[in-house]
């Protein structure tokens, strides 16, 4: 019998998820021995044509990391969906939109304006912008279309499983692939990580007091943080309570608070709203200005509570973009 | 435009007036008035009254004698008793009107130009002298004293009365009219409390 | 372009003890107010999960009204203060997400303030009417129209579709 | 939590006579509901809350094998219980039910039939979606502590306490003043019977003192109330009286012996019209009959430098204890009756009436003390000049029925003034004029009393007095107080000279009513009167179960009404106690054990300390007996691991979605 | 049946048709009316307006004369007399001071008031002493097709009416029905006609008369039946003035006794019908 065919693909991502595969270390040998790697553009020389040539459903599974922003990524996601039995959203960006998803606060134009003109390091006297098609010396150059918003993979194609994390930990990747190989799969649509929040695993859990009130919020880079004490007990925003566990609490172990890359538990629709609710309810003030003063310690609520999950949140993107997109499409 | 003081002070009141009226026969329940206005509503003549019957009661009760006696209300009262039977406090409002008329008559306090009291006066005089009333003579005397033009303008009524043989020219009288006069003199103003 | 027939859609979350009772009182007193607000009863304004507010907006509400007991009067001691703190943060979050703060309003209305229910609802409706439609479902659809040609299976997640349970129904 | 069974919902829309159907098209609503998922039966009916209406539900459950019921009618606060019972009668768990409020929140507040019907349909859609997620629940039963706290020792509190004590219940009666009796103790007579107030009040006061079931704490205040119906923990502050009331026999020897030979401090019971010493007994009939020392006036307590003649005088009884300290006592009760009374309107707030400026302008309560045989003058009514008055005027509605002060009618002033008017006429023969706006005499025998006042020659002038002044415009006004008023019935403005003007001051909520309300977790009307649960159907209950109200703290009322209400409040408390327990709405929150991460975020948010941390399992746990169901923790749990019965997240999400179903 | 008869001044003057018709009708019904010897004016409203005690003395003299001349009640056909005499009786019964004063005055004429004779109205006598059936039996010319508005006036029923309803008296209705007439439903039965105000304050007095006439006309009455000389005079005498002010309402007003006489077949000329200003043509034609 043929070994199951496996593919990897990346969309809008930093490449960290690809690194995570390499981080499997010796395990990667065991895996490559068990599967047939038929598509991995970042490591091996495969082209789109190779995929097109495959029969539909011929791959056992494809792991796609990164959010979806361009028409090319949409096209590849659709293509791989057709060719593969299982599509696994790999990492926070594919699952939730990830860090690139924070762009959903801004319109396409304002992003392009900043990147191609506004940023202090850019000189662009002609105010050139990338365009989908460009004629130059009788050659036609094309670029994929830059969509109005960042989307999660599932907002483009049907996704069978989600591997959370920024990036997913080697242990989660190994167990996911093992499950795939052995056929011991959880119900479709599952997130392949425990459905209990991170605090459950956090080494600092014991140090969290039962009674907690926030008189001020501190930011990690401006604070000297106790290396054993619960971050929340120190007034540092830690997304751990609102974030799915399974990461082995690597960040707290490295004296950094959780930023929420594993996304919410299955019982929560909107990770940011939940964390916002929990934190602000416990603010130690009653008067409007005092409450605002404490909450001012969180200068960027979207960046704090939705660092990885804005495109997957209830509002998905800024209402300003919505209206811009409406204008453009009409 | 002539300005007159409308506000009422102590000087405008006559102490004891209300009490005196309440002491007159049939007026005992004056004090019970709750100013509901049933009397004014029931009165068929209140449309012509300068003070409604209810207001008259208020004036009497507040000892505003001058105001109570100078209104046309008491004279427009035709004694139909509609107010009295409707009063929820069983106040003899018609009797109070009588009491006020008596008071006004004895003090000649009724409004100038109001002819109704003159008829009453003529009536009484005729009864005292003759014991009975001869209506046509009473009316003629009344018109002569008050408005002789009206008497002339009533010529048609007079002719009709003659036509229907009702124009009494002969003065009716009783046999014992002197005795009656003596009797009335004896009883004059002898009622309890007297005229205030 | 605004639809001539557009009417503001407002979801209200009222606590059972004060504001819901006040709305009952407004009814008993026959105060007339605009019919655009749909009231959802919760035991305490403290039960209002910010997810509810976002869900209402994502589901098509043009505004959200939150009603609770006056500070110090909460039947559950301080539930309304918790709501208030969350509300202050929600306003900032919504501002960053391009939703005008006026669309979400928090009001303290005690059980005896039936007339205030009328005033607040009418004011809210007028405010939303002035702001115009928010129509987040429409924005989702408009945005997603750009990917229709390239996607083979597009799922437009809305809050209702993410529910655990879609009860199987037999219609009789 | 998917249900295996298929959802079979019965839907019922009530016309409520014409209350709903006049505005909402009930048949259209029923037709619409029949198209919704899971609806097996959809009906409209004239009166759903009637027996046949309830029977309809029961029958349908049996016939159509319904497993969910939705009723669209009035407010759930009114009839949720009724319909849950009807559902239970059909053999279904009563919580597989949802109610839609289309009367108070729809038909009664909208006029546009189309819009109101559309709103009703959206609300119905929400309920039908929601009810599909409902799960069977069990109401829990909480025990009731049989002891009762009565706050306030006026006539209402006294009557409530005695009623309960006579029924064999232990009652704590807490009164702020050194004696019980309240305002009634200051009255000379009561209307309309004109019987002596003291004669009917004093026996009740003594009965309180001697009743074996009553713990009487005067000079005490409720400081704190914790807990919930059936199980309140109350902290009572007992101020230092400096006299042991159990040892004091009220002989007054200490008062005679006080170093102050002459009383020199205004006596509040007589409104400052007489004087008292630093050690005093509030009034002759005071209960308890024990002296009290005013620490702000007692030389020993102020400076520590007194001969302490009082202690000497008390000799062997040793009742005086100048070292007494304030005590905080904690008691457990199951229910609380609030009878904290009212305060009188401060007539100085209406300067046009000259109270405080003219010595012969006084309030009704001051006059009450002056005509009382136990009052400062022994019942003799004299002007400040010493002469008896010949013309006395009563101004009614002082501070009442006035948008500038208090909008409400104080209800008792008409009768109170007429009573005093009769007393004044009887005692002095003075001419008495009552200036009124409307005479309100709606009690039994009250109209007759009014008639009697009229018959006795009390003059009634309809008109709100504009001013009281001592400026004489004519000789007959010299040396008098002159009232300017429109006699609206005679139809002119009058100037009325009087010797004595009595202001019928209205009632106001106690100054600390808001504080009391917070302590007891009650609601107040906008004016500050304690709010009854329902003005007609639950007039002595409050929105807080187990807390009842009686007397004037709920609104102005006279003695018979206060006593009637006190009796009703006592009966409600007795019914609660004798029921042995109380069914509680099963709306408690619970931790989904496996899913909790033990982040402890919820623990500090619970106002009832119902959440604790299980150190062994490293997860939070909620004690359902302590949980009151506010849901604050549910809304805050960052990982969505707390559920709330009756208000599950998913149920609310369905409801949100449903109400946004614009038909 | 024998009664003391107190005709009153009006029945000797303007209202003599009432007297003229009452006597033969009563005779036909077996009622004997013995006129009180040397009776005097009842005092009416005018005297009461002047002097209460004198007003009572006037009435008391008449009653005392009647009482001294034998047993029996007094019949007073004029509403004003009926009220004045009854008022006298009530005053003397309830007010001892007035009674004493009046007795003292009567003593001048060697009279004593005992209060034994009741003062009654012919209507009462007709309905209760004679009886409707007797009246019916005497009808020989039924007043068929005549629509009659029964008008009682105010002073018969107010303030204290003992034999009929204060708001809706029916004695006359019953007699009219017995006579074969059609009784018009007439809500103004007891409304004041204006009394003497028609003369002293025509604006006010005539308006009241007009209201009664106008309403009777509106209700289709052919005739108004009255039982009081002043009412009849007012309703009959001012048609021209009323028409000038408020438009015509020409409905004849006749005494109930005239109607009875006609129905009993008594000679028309005996009933004083010619004394009407506005002739009761329809009545004459009908019988």
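Residue numbering begins at 1 within each chain, and the chains themselves are lettered A, B, C, D and E in the order written.
One rule holds for everything that comes next: a contact is a pair of C-beta atoms (placed from the backbone, for glycine too) under 8 Å apart; a residue touches a chain by one contact, two chains touch by 3 or more.
These numbers come from a predicted model, not from an experiment.
> Identify the chains adjacent to both subunit B and subunit E in the sense defined at the top.
Common neighbours, subunit B/subunit E: none found.
> Could you work out how many touching-chain steps separate subunit A from subunit C at minimum?
Minimum number of steps from subunit A to subunit C: 1.
> Kindly list the shared contact partners of subunit C and subunit D, in label order.
Per touch definition, common to subunit C and subunit D: A.
> When the contacting C-beta pairs are counted for B-D and for A-D, which pair yields the higher total?
A-D
> Find me the chain with the mean Cα position closest to the mean of all the protein Cα atoms on display.
That would be D.
> Take the average of all CA coordinates in subunit B, do the same for subunit C, and state the distance between these two points in whole angstrom.
76
> How big is the gap, in whole Å, between where the Cα atoms of subunit A centre and where those of subunit E centre?
Averaging C-alpha atoms per chain gives centres 111 Å apart.
> What whole-number Å value describes the gap between the mean CA coordinates of subunit D and subunit E?
Their C-alpha centroids are separated by 66 Å.
> In angstrom, rounded to a whole number, how far apart do the mean CA points of subunit A and subunit B lie?
Taking the mean C-alpha position of each chain, the two centres sit 105 Å apart.
> Of all residues in subunit C, which are in touch with two or more distinct other chains?
Subunit C, residues with two or more chain partners: 46, 49-51, 55, 82, 86, 159.
> If a residue has to touch 2 or more other chains to count, which residues of subunit B qualify?
Within subunit B, no residue touches at least two other chains.
> Which subunit D residues reach two or more other chains?
Touching at least two other chains: 605, 632, 635-636, 649, 653.
> What chain-chain pairs meet the touch criterion?
A-C, A-D, B-D, B-E, C-D
> Can you list the residues on subunit D that touch subunit C in the complex?
Those residues of subunit D that touch subunit C are 1-3, 6-8, 35, 37-41, 64, 75-78, 101, 103-112, 115-116, 118-119, 122-123, 126, 132-133, 517-518, 521, 523-526, 531, 543-544, 587, 605, 607-608, 628-632, 634-636, 644, 647, 649-650, 652-657, 659-660, 662.
> Report the residues of subunit A in contact with subunit C in the complex, numbered from low to high.
Touching subunit C: residues 71, 74-75, 78, 81-82, 105, 145, 147-149, 151, 154-158, 268-270, 272-274, 276-277, 279-281, 283, 285-286, 288, 291-292, 295, 298, 300-302, 305, 312-323, 325-326, 328-330 of subunit A.
> What does subunit C use to touch subunit D in their complex?
Residue positions touching the partner: 9, 11, 16-18, 20-21, 23-28, 30-33, 35, 38-44, 46-52, 55-56, 59-61, 72-73, 75-79, 82, 86, 110-113, 118, 159-160, 163-165, 167-172.
> In the complex of these two chains, what residues of subunit A are touching subunit D?
Going by the criterion above, the answer is residues 195-200, 205, 208-213, 240-242, 245, 264-265, 267-269, 274-275, 277-278, 281-282.
> Within their complex, state which residues of subunit B touch subunit D.
6-11, 19, 31-35, 51, 54-55, 58-59, 61-62, 64, 67, 89
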